[in-house]
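The first chain written gets the first letter, and so on, giving A, B, C and D; residue counts start at 1 in each chain.
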Amino acid sequence: MRYAYLGPAGTFTEAALRQVASPDEAEYLPQVDVVSAIEAVRDGRADLAVVAIESTVEGGVTATLDSLASGEPLVLLREVLVPVQFTLAAAPGVALADVRRISAHPHAWVQCRRWLAHRLPDVVHVPATSNTAPAALLQRAAAGELTGELGFDAALVPPAAVDTYGLTPLAQDVADNPQAVTRFVVVGRPGDVPPPTGADKTTLVVHLPDNEAGALLAMLEQFATRGVNLSRIESRPIGDALGRYSFSIDAEGHVADERVAEAIMGLHRRCPYVRFLGSYPRADAVEPTVHVGTSDADYVAARRWVADVRDGRAT
Amino acid sequence: MRYAYLGPAGTFTEAALRQVASPDEAEYLPQVDVVSAIEAVRDGRADLAVVAIESTVEGGVTATLDSLASGEPLVLLREVLVPVQFTLAAAPGVALADVRRISAHPHAWVQCRRWLAHRLPDVVHVPATSNTAPAALLQRAAAGELTGELGFDAALVPPAAVDTYGLTPLAQDVADNPQAVTRFVVVGRPGDVPPPTGADKTTLVVHLPDNEAGALLAMLEQFATRGVNLSRIESRPIGDALGRYSFSIDAEGHVADERVAEAIMGLHRRCPYVRFLGSYPRADAVEPTVHVGTSDADYVAARRWVADVRDGRAT
Amino acid sequence: MRYAYLGPAGTFTEAALRQVASPDEAEYLPQVDVVSAIEAVRDGRADLAVVAIESTVEGGVTATLDSLASGEPLVLLREVLVPVQFTLAAAPGVALADVRRISAHPHAWVQCRRWLAHRLPDVVHVPATSNTAPAALLQRAAAGELTGELGFDAALVPPAAVDTYGLTPLAQDVADNPQAVTRFVVVGRPGDVPPPTGADKTTLVVHLPDNEAGALLAMLEQFATRGVNLSRIESRPIGDALGRYSFSIDAEGHVADERVAEAIMGLHRRCPYVRFLGSYPRADAVEPTVHVGTSDADYVAARRWVADVRDGRAT
Amino acid sequence: MRYAYLGPAGTFTEAALRQVASPDEAEYLPQVDVVSAIEAVRDGRADLAVVAIESTVEGGVTATLDSLASGEPLVLLREVLVPVQFTLAAAPGVALADVRRISAHPHAWVQCRRWLAHRLPDVVHVPATSNTAPAALLQRAAAGELTGELGFDAALVPPAAVDTYGLTPLAQDVADNPQAVTRFVVVGRPGDVPPPTGADKTTLVVHLPDNEAGALLAMLEQFATRGVNLSRIESRPIGDALGRYSFSIDAEGHVADERVAEAIMGLHRRCPYVRFLGSYPRADAVEPTVHVGTSDADYVAARRWVADVRDGRAT
């Protein structure tokens, strides 16, 4: 299998990909950004993509959510959690006391703000386009491959990048929130809804009817009436006007579950746009609470009862 | 066809029955009370029963609601509306000024209270077991068939009873509310759900889960989420303890409608007891509002979409 | 204090009244019916009335609910529960085997139907206007005070009526449901809302906005949003047209409770008609569940917070 | 008045600030980022800050939402809308055909993606820390003030930056969505809630109770029950664990409105964290729909009614 992912070597995404398939058994296709990784699946260059979808600190990954929400349909097949802690690294010979300018991806910077304010209050942020880009630059500069000034002395990089790029760690486990984690998903073409495991989630994109006070409430009631809980709901602007939102939703359960199917049929009937983005096992393996009257058996019995009612055989 | 109904000749129920089937083409089987009329269908003595189910003034007819709510299943096949205005009648020779005691069924009395208070403030109510019983007694007394005192001078009777029993009308169109109407239903054995007409109602009996705050709200949401309006909801004690209620419900639409079927499947799943009492044409022929996303076509499209989703073919 | 009640001596209502005030310390004013008892308070002939409001078997007492729902305002001050079991009684010398016709108030008859069907399957029901009327007739007949035929051999009467009217008990504890109970209320003029006890109920009459699908749901949400449970909800026709209902409601808690006050203010704002019928101690002394964020302290803190917000002092 | 804002000269924020106060009558204090602008008000260096809070394309501005959601309380006093269209600019002498690398803030890049893909499909994105940073670099490079390579040939900049930095426009009105707009807010210290204008909004931050299925639904019902519509709702991770969200909400109306006050008191009672971020005039001056029973007069009447009820004077 060919996996597109946000490369190059050393990224958190690569760490996620390693949980999914080892480099020995899969072809790793590093991409420059999340959108490219997703497009690689759409255009057939890759079979699957591994992309970040949500982080504890930043919330939903905008590019992933937006890229999946429209365009040729893709589905999520699996999720993987990766702890997010950084290493502050520099070229060999640089000491922590020498550091004035730190290159970091803006998301990385945000996740280490308090640590930096406390330990290195005077450093300046030099934005990077990825978590590993400054590591590669540090390596090339150390090798004398760069002309001109590098513009920074150290970088916040994923732990795996230290070895990959031959850097020296100045500080490890850098993170304001030691429980910080990023959720990655494996994205593929439709056709393979993984079978229910009993601990699944279903991801959807839903637009609300325009100009309807209470439309969000009505949408949530589609789930509540069927006893389906939501584990994530995020709004994204639709982009055409202020005040118009798309909702990205994770519902507990699998589309093969009757209650989930009925709830999303309710969305399909009432909302102008619903996209199914997959049913797949939860990384935390937590099974949903099945409320009274919402098991598959309850649905089957109710359907049989209505059929009997229609045939004049109900008792 | 054999029709059981609250007889004898001259009752409002007979007036309702005449709207359903003329005496020439049907066999009229008068019964002593509503429960007997319903039981006549259950035990096969009659094919159908015509019984009052709701009046503008008194609300639900307790005996009818309770008798249909349990026991061997029966269904409603049709509804008929009869205006409820009384004639104050007496034996020939009696004048209005002579009237001191009026016999009337308690429901009749209630519906003429203000008229009586205004026109005959000093009369005494002598309760009757039916609307026509006092008419028959007046006739027999006039014929010298009764020993002992009759106990009343006049009676509030249905208009048709005046001729039937050879009485003299003292006042006509007696009713506090000139729009008063009683709704009758035709009751039969299950087996023949009348086909949808586009202006139907569905009648149900539902018990709520015990000890659940919000159970009534949750029950109503089963209808609201599917866009089904209720035209009648009445509570009746279940009878085993204070605070336990059965709800008698008329929902707009037919069980053949997808939205109605899904709503009552929701009740079947969540409530300890649901009885389907029929889908049948509304007497007023008012068609229900079909809200956006709740037509049969919307349901069919949603079901097909979910099937596609499950098969990996959704777009 | 002068108490109007459904007399005469021996009724269940009198048994309820005895729980409220002994005959030694109060003046008992028996009335011919519930409406008269209530009117006696309105016109000043009595200080208080004791009337049945709900029974396990029959549900709400129509005459009481309707009489309180309109007209000059009255309030409920207390509730009292009385077990409802009958004695089948006759004149001295009559044996159970002799009984062919039993006089009983229709409500009494309903509550003993199964017992009668099982033990005396062939008896005929002779309707009475009250539970004690046939007891008095039996006494007068035994005393030779009646001319003409009595029309029945025995009567279903409240236990206390046996001694009061000098009858012979033929069967005791007659009741299909041994837990049957009737709830009585003490009715007075507004002016004395009993202080909260911690285990109170509040009774209301509410009309819903016309022609509004979901109006009942919206009304129930006024309570749910404030965490107020309902222990009773009954519909009554408003009486002017089919399909228009008045709701009689018991809510858990006291109008002095912030959550109850805010909920009924919500009703006052949204519904065309709301009548407060009193806050008073529950006979069963069950304290309501106070959900998170709905205590008086929570309301007071929230009000203070909003005042601070408005003054620019919120933190 | 001293205004902190995202500078330097030529930014969209400066365009917003000019709508609020002209440079003649106010002191402009440019800051390096949104957080610094907000902090300048908190630490007293500025009286007010003007910051972007939401854009049509990117949705909520994360840094603004997060910075206002915690820390020392601040409030929003006014909102301003600025159309977002870019100018592609370069140093004098550069032609469109020469452009290979374009510097742009990531948000700017996103808003011009389709335009760029269509018109300049092969250009490379060089991320900038602000919309004007590359304009300044182009100016300094043109002036020979920079050593080393600039790294880009042109930049997407706000229209005002062209003159400010002496650049040459290569393309104007660059934007995928010609209706794109960014909403800015004026932020100040608490103390001055602007008076209601009849067309106001109220901004809040709310955390939901943990582990409560239906908590979002319950939160929305606090608004719906009082007839308050929401014009914006966005989720932000609280940051301590996946699945915990903070909601940023704009509600129609002013905290001085009774219905808004009652709704947010409901939030205060039920939610673990509520922060009021101000009531202020809507830029679009649209007045909210006031539903039946939700005007201030309705609230005042309801409160008076409950006071009467409690005093025994209700009618």
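Before moving on, here are some points about what is shown:
As a convention for this text, a contact is a pair of C-beta atoms (placed from the backbone, for glycine too) under 8 Å apart; a residue touches a chain by one contact, two chains touch by 3 or more.
Fair warning: this is a prediction, and the values are worked out from it, not measured in the lab.
In summary, the pair subunit A and subunit D forms a contact in which both copies contribute largely the same residue numbers, shared numbers making up over half of all those used. To find the repeat of B-C among A-B, A-D or C-D, check which pair has over half of the same contact pairs by residue number; it is A-D.
Look at where the CA atoms of subunit B average out and do the same for subunit D: the two points lie 60 Å apart.
In this assembly, the C-alpha centroid of subunit A lies 25 Å from the C-alpha centroid of subunit D. Multi-chain contact residues of subunit A (touching two or more other chains) are listed as 221, 224.
Those residues of subunit B lying in contact with subunit A across their complex are 73, 75, 190-193, 209, 221-222, 224-226, 255-256, 261-262, 264-266, 268-271, 276, 292-294, 298-299, 301-303, 305-306, 309-315. Taken in their complex, subunit B has these residues touching subunit C: 54-59, 62, 81, 106, 125, 127, 129, 147-149, 177, 179, 181, 183, 213-214, 216-217, 220-221, 224, 229-237, 239-243, 245, 289.
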